[in-house]
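Look for chain A in each of the two complexes below; its partner is chain B in the first and chain C in the second.
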Partner chain A sequence: MRKVLPLILIVICLGASFVTLDFLPEIGDPSSKPNTHTTDYYIEHATTETNAANMVTAVIVDYRAFDTMYETTVMFIAGVAVVLILASHPERKNRIRFRKVRKKESRDGKPVYRTINKEVVIPLIEPMIMLYAIYVLFHGEISLGGGFQAGALLGMTYILDVMVIPERDSLIRLPKDKSTALGGIGTFIYVLTGILCMAGGGVFLEYEKLPIPMHALEKHSTGMLLVEVGVAICVMATIITILNGIMERVHFDDDTD
Partner chain B sequence: MKNLPAYIVLLPLCSALLSLALSKIHKHLGRDVVFGALVGSLVLSVVQLVRVIQNGPIHYIFGGYKIPYGIEFSVDTINAVIVIMVCMLGVLSCMFAFNFDKNGDALQVGGAYTMHALLVLGMVGMTMTGDVFNLYVFLEITSLTAYCLIAMGGSRGIVSAFRYLLVGTVAATFYLLGVGILYSVTGTLNMSDMAACLKQGNNDSAMLMAMMFLISAFGIKMALFPFHGWQPSAYTHAHTGARPLIAGAMGKIPAYAMFRYLYCIYGKDFKYFRYVLLIIGVISVCGMIYGSVRAMAQKDIRKVLAYSSVAQIGYISLGFAIGSPLALAGAFLHMLGHAFMKGGLFFAAGAISWKYGTFDLNDFGRIYKRMPFTAGLLTVGALSMIGIPPTVGFFSKWYLACGAAQTHEYVYIFVLVLSSLLNAVYFFKVIEKVFVQADKNRKPLHPEGKGVTEAPITIMIPVVTCILMILLLGVFNVKVIDILLISLKGVAL
Partner chain C sequence: MMTQIETILAGKGIYFLTLLLLTLGLYGIIVSRNYMKKLICMNIMQVAVIFFFLCFAQKNSGTIPVAMKHIVHAVEYINPLPHGLMLTAIVVSLGTTGVGLALLTRIKEKYGSIEEKDIIEGEKQFR
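So, the complex of A and B:
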């Protein structure tokens, strides 16, 4: 009975998915409610009200910036949860092992990989990725891009550095306690932007009331930029945190403990 | 103070975000900041309730845009009261959790309080928001932090959290499907605007479909009877410091969201409204009986309380199913009362486990000699669950029965009485263990003297507050009902 009942339910649900829902509007119907009720307003006013050429950015970080703030918080929660639950540093024999990939060893026991010279190539690529990330971050409101993508690129740079050349001393090391704290601070920059608007006499996230001497539309751009910077830092820190959490559960050839 | 609703959500958010960074300076600094922020939220939420009673509902739009385009917080007397309840439980259980973080390092301690503050924030946001997608975002925050806090309760906690994660994800998807269908026929995400749009058009079949998805989504989240599978193990194995908050408040907020959809967005003009109410009524009646019967068979006090929650959530949804103003007010009074009853019983169980490390009912023999206040809370909470005056449990059931009598739903009154009798069976068992059963050789975890040795003050403050709240809500029930009825008059049947 315990097994039959769920099966029956699954069959009913699968059957239900073949039923045509005739009340749903056709795809792309220009006269349907979603395409007329609020969408017109966004299309007509987004650029003039928010000074952002990219309408998607205008909706995400201006009209509905409050939602995005919590979506960023969700990213932060994901990072903290990984650290709290996964990164408990299990005993060496309980860690996940990968099959050895080394084909042959040189005489002193070190593995020999037949690849390009990674010490030269990676330091060349990294600055370009980071530069591109900054470009994506600052152009989010004009063209494609934004904080999430920039943060992912920045996090990827760190992962590349740690994974490919683990023996090199990096300029910045972010162990799990620092990376989680950085994620919180990134989201806090976002919140702080909204609080600054309240300090200027407006409501939360009302960019026009930012207490800086600028034109109202420029304030919108500044507010969006601050918000995107916060999102980028949070996403970068979360990606690094998740990497840290996983690294502690994996067995490496050169583990000492 | 025009930003009052924003401050209530921003204080826990800021403290949670900075908690980990502050914990690097000193291990307990982040924890103290979180506690201070929660107290601040509690004070502001009381101020908010006073303002709502004096000046009418507050509508606060983020970003300063016009209503369907920006995100709105709309606060009336009902959700102002619920916000106070959530903040109060948040403060109490944060204080309670001080005793259970001795072993962790700075990262574990800071992280746990981050999750705690974010759970309170998610529930407060879900209660106050006036935007259907914003509600989803807060639902996500509530669920994620709850998964994490449950998983922090040890290896069994991880399994229960994983089960809850799978089921909870289905609930979130159902919610989005429901919202998607409603959006396809209205084109708006604002609740009041959506209600206006739904009244104009003829979309009964779409609304019925969406409502089925929404009932399943909120049913899973509030552990209503056929959807409750994740709940007993999750409540049992959650992190001890967070258990009162999870068990006390987390199930109530989706119930309030369901009320919002049923009565504020759909309204009584909806063609199939009666049938929807009938479905909710039937599943709550089944849940009231089933939860009580299962609770009788348990030995672990956490399991008893968890199954009893399945039954008690049924009372709240039964109030929604009856639908008259008195029944709705009774449901909300039960929501408030049950938060303090269940939270309080978990505080008491936590205090006993702090001292003796046991949750087994058979080890509770004559514990009143050692811990009189804790035993008092167990008794008052149990009497309130059964429904003995002057506790709040009696009055909430009284209003529910009055509402059912007004609409001539006598079956509901019968089930209400039957379920209360079943409650009496297993809660008198608890009282018997506490007062009558022979004293067992309990081994104290901490050194203790002779005679009365209660748990530390940070555990005793929540315990005493819960006793007082259960009695005060019962004695001043007319006042609370009056406050609730201000907003209920317009929407009830």
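So, the complex of A and C:
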């Protein structure tokens, strides 16, 4: 019953929505409502106004930079929230005992993975991922890419290092307090770019008024690069914060202690 | 008759698929009793919404939204706006999933389990 009732409801909802799909625009129609109005303006003016060939980057860090600033802040707040949620333990009297699950002894002993030597392969792959991340970050205006992707790739490198070879000493250690601070630094770089524009006499995040002796279009590129560096640092630090915060506290059923 | 169905499927069929994905996630949230599974289903719903947005960006015979010298008309590029919006949404969904995982870690510490049944039983002990 518990499984059938929601299924019936959902099937009814699906059928109803399939009947009334008329208000949605046709797929691939260039003159549909979402594909006209502002979009044409973005496509036609992005390159000349913002000096960025990649229109997606032009939209998110130039035309809608204020929006992206708060997205970055949300990311930072998510990292802080993970740290705060996991800051305290529940009191011992309010806690329900773990039912100890006896560890099943495998007949074959510990599993040995012989297909890939992870200690050789991971150090080979990691620099390539990081190099690609840097490429994506600095080429975000010209080709496909941007700060969010670069941050995710950099965070992934750390995750790969921590989860695949946990016993190896990392060159860079980022415990959760430091990585939270790093996320704050990333957000701060973003806001600082906006404030620098104000110092040059413009409004917040108006890259043309950056106080640097450059051509106006080059100022646009510089401002976008600064903002993307901030975004990349914030996203990377937040991913690391979430990973570290949870890995410290997580308790598996088959843990020995 | 067949051609009518074909035009409907070509024009609007993808919306049905995204709705299917959305309701699949909703069904999972309602039915599953494990909180981790509920979180995964929430992620599926987020992916469905992202797909739904990206459907609007599509244009027939359009190319990626990176400006090239020999392509000048706006009709020939796909819509960059939904891609930009969803790019940030994907990253923010990562953050929300992280917060959800932290909450699950906390629940597991208090109740020793993330099964709904065990948590309800454990809550009765405190009364």
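For the reader, a short list of remarks on this structure follows.
Keep this in mind: the second predicted complex is superposed on the first by the 186 of 257 C-alpha atoms of A that agree within 3 Å, B and C clash if a C-alpha of one lies under 4 Å from a C-alpha of the other, contacts with A are read in each partner's own complex, and residues count from 1 in each chain.
By our rule, a contact is a pair of C-beta atoms (placed from the backbone, for glycine too) under 8 Å apart; a residue touches a chain by one contact, two chains touch by 3 or more.
All values derive from a computational prediction rather than experimental measurement.
When the two complexes are overlaid on their common chain A, residue A:250 makes contact with chain C while staying clear of chain B. Look at A:42: by the touch rule set out above, it reaches both chain B and chain C.
When both complexes are overlaid on chain A, the residue A:144 reaches chain C alone and has no touch with chain B.
Of the two partner chains, neither chain B nor chain C is touched by A:16.
Of the two partner chains placed by the overlay, chain B and chain C both lie in contact with A:34. In the superposed model, A:124 lies in contact with neither chain B nor chain C.
Contacts of A:81 after superposition on the shared chain: both chain B and chain C are touched. In the superposed model, A:64 lies in contact with both chain B and chain C.
More residues of chain A are in touch with C than with the other of chain B and chain C. In the superposition on chain A, A:188 makes contact with chain B only, while chain C stays out of contact range. Note: residues 21, 24-25, 32, 34-35, 38-39, 42, 64, 67, 71, 74, 77-78, 81, 85 of chain A belong to the chain B contact set and to the chain C contact set alike, using the contact criterion stated above. Those residues of chain A lying in contact with chain B across their complex are 21, 23-25, 32-39, 41-42, 62-67, 70-71, 73-74, 76-78, 80-81, 83-85, 176-178, 180-181, 183-185, 187-188, 191, 194-195, 198, 202-209. On the side of chain C, the complex with chain A involves touching residues 10-12, 14-16, 19-20, 23, 26-27, 30-31, 55-60, 62, 64-68, 74-75, 77, 79-85, 87-88, 90-92, 94-96, 98-99, 101-103, 105-106, 108-112, 122, 125-126. Note for the complex: chain A touches chain C at residues 2-3, 6-7, 10, 13-14, 17-18, 21, 24-30, 32, 34-35, 38-40, 42-44, 46-47, 53-60, 64, 67-68, 71, 74-75, 77-79, 81-82, 85-86, 89-90, 94-99, 143-144, 146, 148-149, 151-152, 235, 238-239, 242, 245-246, 249-251. Listed in rising order, the residues of chain B touching chain A in the complex are 2-3, 6, 10, 13-14, 16-21, 23-24, 60-65, 68-71, 106-108, 111-112, 114-115, 118, 125, 133-134, 137-138, 140-141, 144-145, 147-148, 151-152, 158, 181, 183-189, 197, 203, 205-206, 209.
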